[in-house]
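The structures considered in this document are given below.
Shared chain: subunit A. Partners: subunit B in the first complex, subunit C in the second.
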Partner chain A sequence: MKAIIAATILGIVMMFAGLQMKNKSSVVTLAIVLAFLLLGVNIWDLVATPATAPVGYFNNMLRIDRYALWFSTLMTGVTVLYTLLVGKEIQKVGVHVAEYFALIFFILCGVYILSCYNNMLMLFLGIEILSIPQYILAGSDKKNLKSSEASLKYFLMGAFSTGILLMGITLLYGATGSFNIVAYSFLQSDALNPLALGGVIFVMIALGFKVSAAPMHMWTPDVYDGSPTPFTAYMATVVKASAFFAFIRLFQVSFGSISSQWTVVLSVITAATLLIGNLTAVFQQSVKRMLSYSSIAQAGFMLFAVLAVNAVAWQGIIIYAVAYSIATIGIFTVLMKLKDYTYDGFNGLAKKEPLLAFVTTIFLFSLAGIPLTGGFMAKYYVIQAVMVQNQFLWLVIFGLLMAAISVYYYFRVIIAMYFKEGNAELHAPVTQGEKVLLVITCGLVILIGIFPQLLLSWI
Partner chain B sequence: MTQLVYLIPLFPLIGFLINGLGWRTIPKTAAGIIGSLAILASFVVSVGIFFEVNSPSFHGPVLVHLFDFIQTGKLYIPFTFQVDALSTLFLLIITGVGFLIHVYSTSYMHHDEGMVKYFAFLNLFVFSMLLLVLGANYLVMFIGWEGVGLCSYLLIGFWFKNRDYTNAAKKAFVMNRIGDLGFLVGMMMILFNYGTLSYGEFFGKLGTVPGALGENTYNWIAVCLFIGAIGKSAQIPLYTWLPDAMAGPTPVSALIHAATMVTAGIYMIARSSVLYNLAPFTLHIVAIIGLATAIFAATVAIKQYDIKKVLAYSTVSQLGFMFLALGVGAYTTAVFHVMTHAFFKALLFLGSGSVIHAMGGEQDIRLMGGLGKKMRITQITFLIGCLAISGIPGFSGFFSKDEILAATYAHDPILYYMALAAAMMTAFYMFRLYFLTFTGKFRGTHDQEHHLHESPSAMTIPLIVLAILSVVGGYVGLPAVISEHHALASYLSPVVSNAGEHHMAAGTEWLLMGLSSGLSVVMIIYAFTANKVPSFVPNTGLAKLLENKWYVDEIYDAVIVRPLAALSGLLDKFVEKSGIDGIVNGVGKGVRYGSDRIRMLQTGQVGFYIFVMVLGIVALFAITFFGVKL
Partner chain C sequence: MGIYDIAFWILTVIAIGCALGVILSRNPINSVLFLIATFFAISGHYLLLNAQFLAIVNIIVYAGAIMVLFLFVIMLMNLNADVEPQKGRLVQLAGVVSGGALLLVLLAALRTAKYPTLESTPNEIGLIQNLGEVLFTQYVLPFEISSVLFLSAMIGAIVIGKKEDSTHSA
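Let's turn to the complex of A and B:
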């Protein structure tokens, strides 16, 4: 609860700081300091709340438990890393640097609400608080037509999916007479009101839109590609991970008892997401666009966790969220250093910047799920969650095949860096500080790959 | 102190990291100092732990839990170290002898441009070996086991520009892998039957829980583990890599042969003594293979001319003795021989390195002779090594070898006589080597003679220390007729349980000792008379057979390697090229084709996107309400 308040206040502070501070880089410094402050508040929250007794707020509309606090803390940590790595790039996007950071703090506020909501209204609020700043951020490069197009597309389709979410909530209310998500857990599979089932499917589709699951994924490549790259990095990571956390919270807590009714549909969605994400990524020429398709493909794997209604799935989504976010932010950081976003832009990077090429390789290994990186452990956990469920063996096999395809487009970057002749051009030489940060990020990826338990130690 | 055990492998690891990462920039001398200091530090900690373990107040093994290694489902494997009498003894041998070899290397390798890398590998080697003996479960042991395999590959092929050397390295690796497979299967059987890999838990369950195969489970597991030991400790039929391993720098040979690597198999079986006591059939196999290897390798050593090859085959033969001891259930005796062998074999190898150093790289003993006059320290220490390995009373080898022979006699007199024959051959070929190298007249070129010199003190001091140890090392285990108190056996007794204690009459034991040492002296005199001048006449008949190592390499090549190569050629031609390649490329093309189609859906039109979404929603609803239900 402290974190929600703090995120809001810090966002406002950031906004007013923009009026006072003319120097862009001092704005970035302030943002980094505030992000650390927010992380501190999260940790305070975490330590102060006993593990056994969740706290309810606002007539129990928010229910702050260990999972929620730990997830919020992790996502704030990722945001801190993000501001450290990407902060300098954000000031290049446009003039209102302070506002961009303010919007990111507001997004974090949404993240916190989504991690602890206990009521459908709070889910709706959280989703909107999460989304609206993103519409703005997507269009923040005002003079760039593609950016404006991305913003508008995102907004239109987002509005459409909001409608569907509200429709689902309404149907659920109609069937049960309650907005409380715990109340839905009393739904019985054998005597299920079709209204309720319809509501479940509508909510699933709306949340599927937020996490870019097929066939609701079509906005993703255009928006991710068109938005300014620093914000793409954020949308594809923290925002998506939080939407997933909201997704899994609702479907495990509320609809776990009627899982036999919706798992088949979700398995179809999962399979379609994996197929479309991976297949389409193969043909891309731009690494940025490839990464947006790969984020669809990764969403397919995260859907495994939603599909499996058990405790391992919770662990899986946390590990996946962090491992995937760190690796993706890392790779976007490298991408932003380059002038050319196509595969050819990476040609010969290993000779020019060996360290940059090396960390990129580790990030890509993680995304592809090669052992000893966080990505491997993440995939291992979500797949294990499904295997424990003992139901969707075909989907697991299909997922593994798709993971094999993903190696193709991830490793193309590595091939370009190490085996192709070329002169990868950078915007500016990479500073020592950035190198240290990238190495730390890379170290985190490997650390998670070896000791995934670290990410579960607080729950 | 025992809680600090993690420091022991940590120091070499740090040394490896420093030298390994800085191999371009670190000066050679500094690399030597870093590498040696790392091992010295480990040795100091080991000594501290030894005193604690050896004190009467120490009870049972201490488990030092570092972290949870694998934890999934029912499988739980912690990364834990076990400190007890057995592992501590090996710690002392590995770090102690290892340290001397490191010191020796600082001088021996000083002219090599890859010296920093060399020390990095050497430290990694010691690190792996320490993991192997420290692990409290088979998986940690296996990590170390594989680690030494890798390091031996790196070090045997250290001079990788020479094709033969890299082939030798490959051979060592492949032979080891064959054994490793046995170890892996054994581990999986343990896991399957007992659900744990930790020594304590596994041994505790052994007697009470019969496995899936009933009584035979013990034998199956024991045989599989033994196959691993065969590969690592170079026993028939997987021994051929060890003589070839001479391709590495000489101190590496000393490290592989004396302190580390080859003793791993002995350690593993001694560690699993509880299991092997339940598997008498396997023990019988162990004894037979050990004895066969001891005799076989000894025959080959008689006719070798390369100074290191003789020593290599003598190592194989001595390892055979150790396995014989294990096979007759005398585990402590085998460990005793590991220890004394570590001293005198390291001494002999380092001595031969000193000789090769002086001869400017020459290794053929027919071209040496009379070196004793120029290299007094090397000569005397080498002589002590030879006396020790030959089992002359008073030297360490006598005590341990005599104990093996006595245990064998008590087990089965026929095995004893065969082992005695192998011991006799040992005395013969070792002194043949000694006389040809150090006595008589110099037979090399004039240039070489002029160049002959004693090695620097960094090389001779380790020799002297090892020579002293080769003499006194045996007094920790006096024969029963001399002293009732066997220090080593009582030290190891809490960990290793010998199968059946034999008590023989004092007269018999005196007789056996007299017989073996008397015969050894006879063989030494015979070696002296037979080898005053080497003959360069090509060998014929049996001698030729021996010189060519019974043609085992050629037989392996003809029976295994070539048919396999032919089969793989056929598969490559018919299955790989036309079958698998077609499928793989077909899949790739299919994916690219699909990708090319699907990406067309991404039109950029919001209206179309929403239309697709609506279609999707309709389809999902159709599935929900009319489709299959689980």
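Let's turn to the complex of A and C:
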């Protein structure tokens, strides 16, 4: 609750800072300080809230529990890391640097709402607060036609999916007469109503769009590819992770008792997401585009957690969200340094910048799910969640097969860096500070891989 | 059949007929005009539900402001000619099949659905006074939080709309 207010206020502070500060780099410094401040507020919230039963605020509009607070804190931590790593690149996107950061703070406000919402209206508002700044950030590079295309495409498709979400909420309200996700009367499955089931499917499609699950993934490659790379890094990580948290919250807390009704549909969506994401990623020539398809593929694994209605799934989504976000932000940071976004652009990077090549390798290992990295533990937890459910063994086997395919396109980058001759051109030499930050990020990835329990100790 | 039922059926026929007109008419201007008529018919439905505020807002915002914008866009971009690109037969067929399947599923669901009665609330729920009270008590949080949404939309208007002056970027 404190964090929602703080994120809004800090966003407004950022806006006014844009009025006063003419120097771009001081704006970035301010944003980093404010991001740390927000992390502090989150930790304060986490410490001050007793670990007892969930607390409801404003007629149970929000229901704050440990999962919500901890997830908010983690996502703020990832955002701090993001501002530290990418802040300098955001300066280069356009002139409205302060506004970009203000929008990122507003996105965080949406993240907090989505982590603790207890009412369909708050879900809708959270999704919109998450999305609208993204439409703007996608189109912030106005001189680039692809950026404008990404923005328009994202906006139109996003507006359409919002319509579907609202239709779903309407059907659910019509069936149950309530917006409160805990009080839904079909929690007792004998009172099952076809109207409500229609609503569940509509909401599933709309949320599936937000997390770019197939067949609602069509927008993802174009939007991620067209948007300025610093903002792609944010869209693909924090935003996607919190959309997943909203997804799992609704489908476990509210629809969990009728899971037999929707898990089959969701399992097909999961399988399609894994298949399309991984197979299409293989054929990409640009690493940025490959990463956007890989984010679809990773969404397929995160859907495992939504599919498994149990406590392990919650742990899985938290570990997956953090491990995936950190590794993806890391790899995008390296990508931004390069002039050429194709695989050939990575040729010979290991000779020129051995450290950069090494951290990239670790990030790619994590995304591919190689043991001792965060990505391995993340995949382990979500797959374990499905195994506990003991229902979708075929999907687990299929998922492992697809993970094996993903190794191919992740390792193509590593092969280009280490075994191909070439002169990987950088925009600017990598500074000492950036190297330290990248090594810290890399350390975090390995730390999660060895001690995943660290991420669960606060729940 | 009382006056209420007669009004309901007349409004329903107008609403559905005009909605069909929106998608069936070739000329975009006609589509917009049909849409306005649809909104008026739906506002009539709101009035029947004793939701005066909603009815008026629907007319002002949708039939008024948004439709004027639509007409402006159509006139400025000179879209009134029938220049809609023709889709291939296969795409049309796929659209009809998938849309029809959705319609079937929804119809099947709605046919057997039970509708809980919402009569527990007083009949004056749609009046401005009650709406205001509910908005500022029960739904005060969504009401306030939506300001963040509008704020970010306003920033968007500035970021996208303002001319980027390269000399200013120090």
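Quick note on the criterion: the second predicted complex is superposed on the first by the 451 of 459 C-alpha atoms of A that agree within 3 Å, B and C clash if a C-alpha of one lies under 4 Å from a C-alpha of the other, contacts with A are read in each partner's own complex, and residues count from 1 in each chain.
Operating definition for what follows: contacts are C-beta pairs under 8 Å (C-beta built on N, C-alpha and C of every residue); 3 or more make two chains touch, one makes a residue touch a chain.
Keep in mind that this is a model prediction, so the values were computed, not measured.
K.L.:
Check whether A:Gln384 is in contact with subunit B, with subunit C, with both or with neither, and answer first, second, both or neither.
P.N.:
In the superposed model, A:Gln384 contacts subunit B only, not subunit C.
K.L.:
Touching A:Phe283, do we find subunit B (first), subunit C (second), both, or neither?
P.N.:
A:Phe283 contacts subunit B only, not subunit C.
K.L.:
Once the structures are superposed on A, label A:Pro429 by its partner contacts, choosing first (subunit B), second (subunit C), both or neither.
P.N.:
neither
K.L.:
With both complexes overlaid on chain A, does A:Leu197 touch subunit B (first), subunit C (second), both or neither?
P.N.:
After superposing on A, A:Leu197 lies in contact with both subunit B and subunit C.
K.L.:
Who does A:Leu103 touch here: subunit B (first), subunit C (second), both, or neither?
P.N.:
Touch status of A:Leu103: second partner only.
K.L.:
Under the stated touch criterion, which partner chain does A:Ile405 make contact with: subunit B (first), subunit C (second), both, or neither?
P.N.:
A:Ile405 contacts subunit B only, not subunit C.
K.L.:
Tell me the contact category for A:Pro50 with respect to subunit B and subunit C: first, second, both or neither.
P.N.:
Touch partners of A:Pro50: none, neither subunit B nor subunit C.
K.L.:
Report for A:Val264: first if it touches subunit B alone, second if subunit C alone, otherwise both or neither.
P.N.:
first
K.L.:
Would you check which partner chain A:Pro221 touches, where first means subunit B only, second means subunit C only, and both and neither mean what they say?
P.N.:
A:Pro221 contacts subunit B only, not subunit C.
K.L.:
Considering each complex separately, which residues of subunit A are in contact with subunit B in the first and with subunit C in the second?
P.N.:
On subunit A, the overlap between the subunit B and subunit C contacts is residues 194, 197-198.
K.L.:
What part of subunit C is in contact with subunit A in the complex they form?
P.N.:
Checking each residue of subunit C against subunit A gives 105-106, 108-110, 112-116, 118, 138-142, 145-146, 148-149, 151-153, 155-156, 158-160, 162, 164-166, 168-170.
K.L.:
Flag every residue of subunit B that touches subunit A in the complex, lowest number first.
P.N.:
Per the touch definition, subunit B meets subunit A at residues 67-68, 71-72, 588, 591-592, 594-596, 598-599, 601-602, 604, 606, 608-610, 612-613, 615-617, 619-621, 623-625, 627-630.
K.L.:
Along subunit A, where are the residues that touch subunit B in the complex?
P.N.:
Of all residues in subunit A, those touching subunit B are 153, 156-157, 160, 164, 194, 197-198, 201, 204-205, 209, 214-216, 218-219, 221-222, 260-265, 268-269, 276, 279-284, 384, 391, 405, 408, 451, 453.
K.L.:
Inside the complex, what are the residues of subunit A that reach subunit C?
P.N.:
4, 8, 11-12, 15, 22-24, 57-59, 61-62, 94-96, 99-100, 102-103, 106, 109-110, 113, 119, 121-122, 125, 128-129, 132-133, 135-136, 139-140, 142-143, 151, 174-177, 185, 193-195, 197-198
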